[in-house]
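As structure tokens, here come the structures.
First chain A sits with chain B, and in the next complex the same chain sits with chain C.
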Partner chain A sequence: MFILPGALLFGIVIILASLQTVWVSFFDWDGVGEMQWVGLSNYVQLFDDAQFYVSLKNNLIWLGMFMLAPPLGLALALLLNQPIGGMRIMKSLFFVPLVLASVTVGVVFTWVYDPSFGLLSLIFGYFGATAPALLSDEHFVTFAVVAAALWPQIAFCLVLFLAGLNNLSEDLIGAGRVDGARGWPMLWHVVLPQLREVSFIALAVTVIGALRSFDMVAVMTSGGPFGSSTVLAYQMYEQSIFSYRFGYGAAIATVLFVIMAVFIAWYLRTLLKPEQENA
Partner chain B sequence: MYPRPIPEDSPWRRTAYAAMVALVLILWLVPLMAVMVTSLRSFEEVMAGNYWGWPKSFNFVENYTAVFTQTAMARYFLNSLIITLPSVIGVLILSTLTGYVLSRYRFRGANLMFALFVGGNFLPAQIMMIPVRDLMVSIGLYDTYYALIVFHIAFQTGFATLFMRNFIAALPDELFQAARAEGASPGQTLVHVVLPLIRPALAALAILTFTFVWNDYFWAIVLTQSDAVKPVTAGLSNLRGEWVSAWNLVAAATIMVAIPPVVMFFLMQRHFIAGLTVGAVKG
Partner chain C sequence: MASVEIQNVQKHYGSFHALNDINLSVEEGEFVVMVGPSGCGKSTLLKTIAGLETVTSGQLLIKGRDVTRLEPGDRGIAMVFQSYALYPHMTVAENMGFGLRMAGRPKTQIDAAVARAAKILRLEEQLDKKPKQMSGGQRQRVAIGRAITRSPDVFLFDEPLSNLDAALRTQMRVELSTLHAELGSTMIYVTHDQVEAMTMASRIVVLNRGRIEQVGTPLDLYSNPANLFVAGFLGAPRMNFVTGKVVEAQGRSARIVCAGGLGVALDDLVQPAAIGEAVTIGIRPEKLRINDAGSAIAFGGQVRLTEYLGRETILYVDAGDLVTTGSDSGTGAFTAQIGEIRPFQTAAPVSIAFDARDAYLFAADGRTISSPKPVARL
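Showing the complex of A and B:
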């Protein structure tokens, strides 16, 4: 009985709503009036929509570039994992991007990228070159947005790996040292296998982060210039809220849902596999 | 310890190491520091393009007063508090109840229910945008504090349930057997046995939920419209559109948005890190 309020609320608002999205995607709907059954026509349109492929491609760029976050987070963790006075506060400062709102990160980086006075133009100017206006260049814009989004994501991976490094088995490390392992072989054969679980989590969190990307796009570019930096989540938002094509938006959301489901299935299988092997 | 600790008897190497870390840290935080410094600059300086150098004059009081008096930022800030605090309390209450039941009682559908709580966590929020917005419009909550509070409680309860279930499941069985032997009802057990023991978990969950809800932007723009209810994140992005060239004020507003979660983080860092790693590891 205690479980009822939580379960009901979560069931209705989260689970039911997600399923309802699939249902809505078979209708033509402006969000207010009557819903009209159109079958698969939203999907037919979608697979014919050039913008859809731009979003899909950008989601892949997000995913690909985000894969840098776990190794960079690990590298930072290795750098910072020293028991020296003052390191605690240093580590905390490294974590700060993680707790910033994505809007904050977006505003901060819009500013770094500012073509006339931004940090980037300052650096380019130092070498006598002119900085490209990254956020208004359709070829660079997505990379620039992802680079900004990587900042908190690396901090997240850093937190996870620092926790992982603290749980390493001293015996194994000691044995490795006795056997003369150091540098790369040590990291690769002795340390990384022990970080498998943490790495897997860092990877999962990163993939989810990449697929969820919305805030940064909305804040930094609104999908522009000319829709060149949209991702599926943003395209769905734009189609529904600005163009009142809720059925079409729902179809985009459903595609995102399917991509996510594939990933969740992979995640759960990998997570459950070692348990079965042990049994 | 890995990597091998730098020996204590080599002060020179220790200093070199500390200097290197400090340098990396400065590079890491340079964008944020520049925004902080710029929030102190005068408008003339910003117009002249001095974004990164040392400020010529310090306008701390002027800029932050201007943000409070000339923009709706104070209102947004208050809105964020009005939305975030009840959400955190709601999540704590609901997830303690669900986590307690799911960890201590076996019943039909328990596993399925738990799987749904966990699975729902993975969904990108955008997937449920259309029905949730429609629901809020039809029950008259759209563009009110309640829309965001109700949604955040519902969404965060998924993660929080997972968190609480694992924490309560790790408590020793003997406690519960003893409570039952004493004839305590499930409710009494919850209040007198479980609650005193889960304080650290509640603290961790409170700080995590606070950060998530405070930083939310997507639902803020989907479920609210008017300045009277809009939280700081949505407010900041509005402000940026209106005050295009007054970067010193935008910078001050940005810092205002960042301060509550950063302060919370530094105050409760141990809980935050523990919560994040435990939550992620178990998830």
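Showing the complex of A and C:
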């Protein structure tokens, strides 16, 4: 009963919308006029579209670089978890990117990267060099955007791991110390196994975050220069809203959905497996 | 050479003194049980021996070596935790061999040590299981096995049986005593259960509020408690305590009058009593006699409750103005333990009697100033 409203909403908004998206992807539609059945031609066109492969490649770059977030978050969490004075303030400072809306983060990093007055140009200027215009360089732009997006993602992983570290069994750590484990062996054999579930959640959330990246691209580059920083989610948005090609956009969305579904299936499988073990 | 030597150990948490000037020497092969109410510092003391807690001041020696600043893994100790603290992702064999693995021992040596421990604890069939698949008693066996494989100089046990049900606890108690006899190792065992203390210990250390109240063999502490606290802590059901005032004192003799006008005369005090001093008389439940004439000291009461324990009867008796302090009933009723089954009606009038030579006397500051005359010593 308690989950009924949520389930209902989920059913209508998510499932129905997804099904409709798949349906729309078989049509040529400008969003207002007649829908015209075109079968698979949207997909055929998509797989011939160079822009699609740029987006896909960029999504892979996002995914690859985002994989840094869980280990970096864990490293920071271990550091912040040390009983050193002032760590409470440090912890709260590390929460800041989580509080900021990602649009804000995007805008802030756009300033940082700005070649005329940005922080980056200041640093480069200090060494007498000229800062590259990262956001208008088609080779660096995706990396620059991902670096900006990594900031809150690392903070998110950090919070997850900090919570996990708070839940460590004191007796187990004690047993490890009695058994002579310290440093890396302690981390590897005693601490990390206890963080397994948290790590898994951090990893899953990071994968999904990388795949549905959209807002940072929209705010920082609008996919530019020349579409070199688009990702699938942004390309879908651009095709549907700006180019009035809802059918084509829906086809991109469907492809993205399939990719995500693979990860979600893996996620659910791993999530359900320990429960079966316990039964 | 003492196996464990604790010298002037203090442990302060801010202004709270968890351990106050602890001095204790544990001999090679002894089974020492540290016992006391919760918060008395017994677990803290064990953890400082293990090295899981640092000391504020003082020294710890294990086999003559100063280990005060050493890491737990370097102290030659092994510890068994109340929560078992098994590594959940490792098999039983891996759990038991982990300490040796960390010490960099070769695999053959680890396997041999694990096999030996598994044989002692009858865990041979379980070696490939994960802790999750085992019962509480088996898990505690694995935890003990993990301690055995390290062949430590000292075994430390932190309330290892508290999470087990009563029947299993009795069984494990016997097993642990047997294990101690087999291995002959030094063992330090913390518990709040005085039955475990009485049955397993070669010596008991009674702790209270971060101080050692008394150290001695179980029977010694039971018959010659150093103070009111030890007298009240050891023995089940608890000793009956009645407060009174010294009205006559002469040399080593004193006459005490309690509420309700009950007079008790005691001699052979370890120190002279002063007239007007507030004292406490203690009498063990098994020394109270019900409806049995011929005793020097007797008073009347009313049965509040009777408990039949199969081979003995526990009787709670209200005696008007004459109330006990801190006894099991919590209501001021006297507790009497009768070594046979005898029926009593609730609210029936009975007479209670005891001999002066069975009574303890405690001074106002709690120190024992008179104990019953010693009976046969073991």
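Keep in mind that, in the parts below, the second predicted complex is superposed on the first by the 261 of 279 C-alpha atoms of A that agree within 3 Å, B and C clash if a C-alpha of one lies under 4 Å from a C-alpha of the other, contacts with A are read in each partner's own complex, and residues count from 1 in each chain.
The rule is short, and it goes like this: a residue touches a chain if its C-beta (ideal position, glycine included) is under 8 Å from a C-beta of that chain, and two chains touch if they have at least 3 such contacts.
Model, not experiment: these values are computed from the prediction.
On the superposed chain A, the two partners chain B and chain C both fit, without a clash. When the shared chain is aligned, chain C comes close enough to touch A:Ala181, but chain B does not. By the touch criterion defined above, A:Phe94 reaches chain B but does not reach chain C.
Legend: residue contacts after superposition of the two complexes on their common chain; A:Trp111 is shown touching chain B, with no touch to chain C. In the superposition on chain A, A:Asp171 contacts chain C only, with no contact to chain B. Looking at the shared chain after the overlay, A:His189 reaches chain C, while chain B stays out of its contact range. More residues of chain A are touched by B (comparison of chain B with chain C).
Of all C-alpha pairs spanning chain B and chain C in the superposed arrangement, the closest lie 9 Å apart. Chain A residues 177 lie at the interface with chain B in one structure and with chain C in the other. Residue ranges on chain B touching chain A, taken from their complex, read 1-6, 14, 17-18, 21-22, 24-25, 28-32, 34-35, 49-52, 94-95, 97-98, 100-102, 113, 116-117, 119-120, 122-132, 134-135, 150-151, 153-155, 157-158, 161, 186-187, 190, 211, 214-218, 221-222, 232-234, 236-237, 240, 247, 250, 254, 257-258, 261-262, 264-266, 269, 272-273, 276-277, 280-281, 283.
Those residues of chain C that touch chain A in the complex are listed here as 47, 50-52, 71-74, 77-79, 81-83, 85-89, 98-99, 102-103, 132, 146, 150. Only residues 2-3, 5-7, 9-18, 20-21, 24, 31, 76, 78-84, 86-87, 90, 92-97, 99-104, 106-112, 114, 116-119, 122, 151, 156, 159-160, 163, 165, 168, 170, 173, 177, 186, 191, 197-198, 201, 205, 208, 211-212, 214-215, 218-219, 233, 236-237, 240-241, 246, 249-250, 253-254, 256-257, 260, 264, 267 of chain A touch chain B when the two sit together in their complex. Residue ranges of chain A in contact with chain C, taken from their complex: 169, 171-172, 174-182, 185, 189-190, 193-194, 196, 278.
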